[in-house]
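Several structures are given next for inspection.
Both complexes shown next keep chain A, but they swap its partner, so chain B is in the first and chain C is in the second.
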Partner chain A sequence: MPNRPTGRKRTLAERTYLLPVLRDLARTGAHLVRTVARPEARVTVEYPEVEKPMSPRFKGAHRLLLRDDGGPRCVACMCCAMVCPAKCITIVAREDPEDPQEKVPVRFEIDLLRCIFCGYCVEACPKDAIRMDTGIFELNAFARQDLVHGMAYLTNLAKDARAEAAVFHRQHPEAAPPGFLPDEPLPVDPEILARPRRRVPPVTRE
Partner chain B sequence: MNRVTCTIDGQTVTVPEGTALIEAARALGIEIPHFCYHPHLPVAGNCRMCVVEIQGSPKLEIACNTAAREGMAVRTDTEAVRAARRANMEFLLANHPLDCPICDQSGECLLQEYWDAHARHASRLRDPKVTKGKRIDLGDDLVLDQERCIACTRCVRFSETVTRTGDLVLLGRSDHQRIGPATGARITHAYQGCLAEICPVGALTSRSFRFRKRVWWLEEVDSICPGCATGCNVRVCVQDDTVHRILARRNDAVNRSWACDEGRGLYRELAAPERPLLGRVAGRPAAREEALAAAAARLGSARRPGLVLGGQATCEALLALVRLHERALPAARLFHVPGPDPGRRAWSDGILVHADKDPDTRGVRLLATCAGGVEDGEALARALADEALDLLLVLEDDALGRLGIPAAPGVVALAFHGHRSAAAAEVLVPVAGCWEQDGTYVNAAGRVQRLHRAVRPAGEAVPAYVALHRLGALLGVDLGCSTSEAAAGALAETISGFPREVGPEGVVLPPPLDGGTP
Partner chain C sequence: MSPGLQVLVVAAKIVFVLGFVLGLLPVVIWMERKGAAFLQDRPGPNRAGVLGIRASGALHAVADVIKLVFKEDVVPSGVERGWWALAPLVGLTTALVTFGFVPFGDEIRIAGQSVRLQVVDAEGGALFVLAFTSLSVYGTMLAGWASNNKFSLLGGLRASAQTVSYELAMGLTFVSVLLVYGTLALDRIVEAQAGAPWHWGVAQGFGIVGVPAFVLFFVAVFAETNRVPFDLPEGEAELVGGFHTEYSSLRFALFFMGEYAALVVSSAVVTTFFFGGWQVPFLDGTALRLHAGAVLAAVGIAVGIGASGGAVLALRARRRRFYRALLPADPRRREPLFWAVVWTVAALGGLGLAVAGLVDLPARVPWGPGAVAIMAQFGAFTVKTLFGCWCFVWVRWTLPRFRYDQIMDLGWRRLVPLALALVGLTAVWVVARETWGGG
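Up next, the complex of A and B:
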């Protein structure tokens, strides 16, 4: 007979399908009761209202770190651009007579549309200037250019919603609020930075 | 000269008596590591990196200051040699700031290469590193970082023996030893690029190249400097179809290992704002083909045309013009106006810089002989004043500027520079610059040297011989100069004795072509 790979004859219970259906309904019901009774045991989250905790090693969108004096840590050594397998990093260096570190990047762009999030740039950086620890994985934009992150965006922490708005407003100046200066470093509101991200407690599976 | 035979690492080599072991080894393809030794500078023997073991010698000897002797048995790779190199590298790197991320030398730094090949040690220094001057403004094109310096004194010896200015000295002692300007004044000589180039570490860097590119991205194309009649051999460093710097290329018969700053800066002409990138007909921008058609129409109807052979044009372009004269415009008069273009100073220094600022004046003379002679600038000025010419085709040079004539009617210019003749031209065809084309120059000493294309011609420009070949085609004649190979072959055919293959070092013209010096 076809459909009998084991060659074994089906039992009556199996042929009626009733018992397996009831058994699986019971399992589903048990899950329902358990998650209503103990919400913290749920394995799903109501994304995007609730975000799952990210592993600290998760490689999200990049950011550029600043020195204590406020200048960029990056010295434009081009190691990240060199090692990048996707060739998504563009750096233009310049000598800065004011800056204590001689060489600074005037342009630092990461094309996230090309980036494959391998993290080699973080590995290669001799100055710990670039990290992928923002936890940001929601990379979407209205225009392609908005996903090419420049110096201002990268140094101002992509966690800031206003930075994201500013990127949009650079592309669409007609929609920008009055007083918006496209070339100014993006504003970072300390309040926004201090605001805790909504998190569900870590899932513990039995 | 007597020759001696010695053995290096088991291989036998015969060299002239007095040859240093380091050069004898190089002849065998064995590279002995060294910082202070330079083939064109006096031997200092202070870096101690080139030590080798010589059979019968109780101690290690430096290969740069030991002459090869008959029967000498040298080993460059024994345990004693390796230990000495390791220890030497540890001393050299003890106080090194390790700022490779911001150092321009990174990627072509001998400290990096030799650490990797011979040392691979970690720092054992517990005391704070000695700090010295950084970012010292040493000249218009020179920045000094004393911390990176290993006191090899190549720059000091260069200043003493090549430029003879003696403006760099070694100051202080021990780990406070550093390079500095002798009188405290900035360096003003015309060979600052050489100092940056011979520095084996990142102590002397070139301001014009500083932080522009990492060197490992640059591709090097061997070519010739078009700055003067010396015809220095250079390496053109290119990335993304852009020339980023010019380095000297060793040619002991022409420029040794040097190149002047003026020549090193000539890559900026490729992107000069006044450079014509489009053709022009009667004051209106035109595509190249349109400009060529206009030029052909004017040449075809001209009754008394004049053609100017330019000393900045390649031999191929000059040949194309001479053939155009022979085959399509037999009534034309040929001129050559010796240089320099307005804005360039006809200076020379007895080191490399030649007073003749045209790289191919000898080529003009060769082709002029072929064409049965040319008239000089005075004759051209007279002809223009008498209105004896109804059309003047100018190949590359600024003939009008050189004669001090503001404008002339009916000028057709094939121009790379945005000079006066190009500005005054009724028809302008943009042509490629020296590093945008393959071609041949003959330098003042009669050495035939080949250019190699490093970047694509900008805008609508094409090599001048291609433009002239097309012009010939429009006038109904085949000049046989459509490609560089065809043009170079045509040169060898037309001028008997002109070398077909010249190799990287060039070939001196054989007699009787070599006669006469300018």
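Up next, the complex of A and C:
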């Protein structure tokens, strides 16, 4: 046969075809024995139950970091909103009532449905106020709005990465940024609210 | 035997054989999926479950059936309606009919009458097997032609060309087998293989005749059943779904079942010709009845040891990362315990069998030895057939698919001359055996 990619002549044993077949059967058979005898040797991670350890450099959902006094580090400089190629960061700024020389965000929303997780916002921030180190990649929701993460949620992630945007905002409507929630809150399945969380705490590098 | 009783016996045998083949189908499908996964270092299907008991993915077959039943039955426009509807039935029917010729146990005596455990004890059984296995290609061809689809047509064409090519090698190997046994009746072929494994067909002529015959036959069977490495008719990389592209819902399920029924039946036929059919190694029917107690005890002990091992493994599974990561409310948490209990019950059953065998219970009831013998023989047949199916699975997930010209080359230029040479060799050996009484 002309199809001989190695360019090497086949040996007689190879040309019988059956002997290599037997060798290959033995090889796959060895894999079978190993897979059955040592379930931990399987390559599959049985995902929702078992999770792979996340790399510390993994770019997951964003969070906003806080200053030592509890206020957001963000100074609403708009660098991130400017650099964002998906134009998915919305910031509304105002004067800091305590220190009129400072600018603070009143609204800071990231539309994760449009975000392409490029990480430019993290690079651009002069204050190291925004990071993507939560390790959250299961971004799913029953309403699109729930994937527009507002400031309360983003800063809350700095404290507790396990909170979920929709659940958090609906449980704490007072903490939601103005205009975030519709007048009539969407009905939430109580089962979802009661759902236990099992995510590992994120890698924090303060 | 009165005609009424005869009809009843035949009907019972038919129902039994149908139940056997159709009952093995989910087992073989499960074996295929799980075997494929294990050969590739994967855990395989393991999500479908009832109350947290997932049975290693065995329930996926049930889920599949439910899904296929509720799917829409799409009839594409332009199909040859009648032939198109007939095609999926052909494969399954021919496979089931073929099984009717395969003996699955020794003669038994019911009410003073001897009953052969074979639906049709035809004198020319082997020829019928050959005929019906080749008929199955009509299903593929009809599907390909009637679907009004180029890909289906190509798949059907490939199937017919391939089957015709391998039919020849298969028929010649049949000649060799028949020369050795001197009969076409499958029950007598099995009877000739009684006793030790070196009386089996595969060991004929000290293996010089038997092994090549087996290999040639096995390769031809792969091509006949369109299994990898010869599954070109449905080569999905080139032909979408091949001949069953246009079939959905239950019609597709029929093709699927037909494929696996053909697998079971081919493996039963290979067992019958080369691996002693229902013969228990080293123990022919008389010996089985004589040592019924010992046989029962041996089976019981084997079951007991195996099931105890299963129970230990089931309990050890709790240490796996998967089970440790489950939430407290997850019903799958009780799975290891459930299987441990099941295996323990099985082990106790094995213990019961062993005790019954050791006190020689079968000898104390008139039908005891016969019942043990028939169960042992049928069990041997089932185990051999399932192992044959496993070999099909094993090969499928080890070898890549052949190219079309390679298949034709292998069939016509390698297998046919080899099979011809084998017939000559067999003839020489048969004459030598008759002359010098060897063998």
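General remarks:
Just so we're on the same page, the second predicted complex is superposed on the first by the 117 of 206 C-alpha atoms of A that agree within 3 Å, B and C clash if a C-alpha of one lies under 4 Å from a C-alpha of the other, contacts with A are read in each partner's own complex, and residues count from 1 in each chain.
Here, a contact is a pair of C-beta atoms (placed from the backbone, for glycine too) under 8 Å apart; a residue touches a chain by one contact, two chains touch by 3 or more.
The shown structure was predicted, so the numbers you read here are calculated from the model rather than taken from an experiment.
In the superposition on chain A, contact is made by A:Val36 with chain C only, not with chain B.
In the superposition on chain A, A:Ala143 contacts neither chain B nor chain C.
When the two structures are aligned on the shared chain, A:Val75 is found in touch with chain B, with no touch to chain C.
In the superposed pair of complexes, A:Leu19 makes contact with neither chain B nor chain C. Of the two partner chains placed by the overlay, only chain B lies in contact with A:Glu102; chain C stays clear of it.
Shared-chain residue A:Arg94: touches chain B; no touch with chain C.
Using the contact criterion defined above for the overlaid structures, shared-chain residue A:Lys127 touches chain B, although it does not reach chain C. If you count the residues of chain A touched by chain B and by chain C, you find the higher number for C.
Across the two superposed structures, the residue set of chain A contacted by chain B and also by chain C is empty. By the touch criterion given at the top, residues 75-79, 82, 93-95, 101-103, 126-127 of chain A touch chain B in their complex.
Per the touch definition, chain B reaches chain A in the complex via residues 100-102, 106, 134-135, 210-212, 214, 216. Only residues 1, 3, 18, 21, 24-25, 27-29, 31-32, 34-36, 39-44, 46, 49-51, 196, 198 of chain A touch chain C when the two sit together in their complex. Of all residues in chain C, only 35, 37-43, 46, 215, 317, 320-322, 325-327, 329, 394-395, 397-399, 403, 406, 409 touch chain A in the complex they form.
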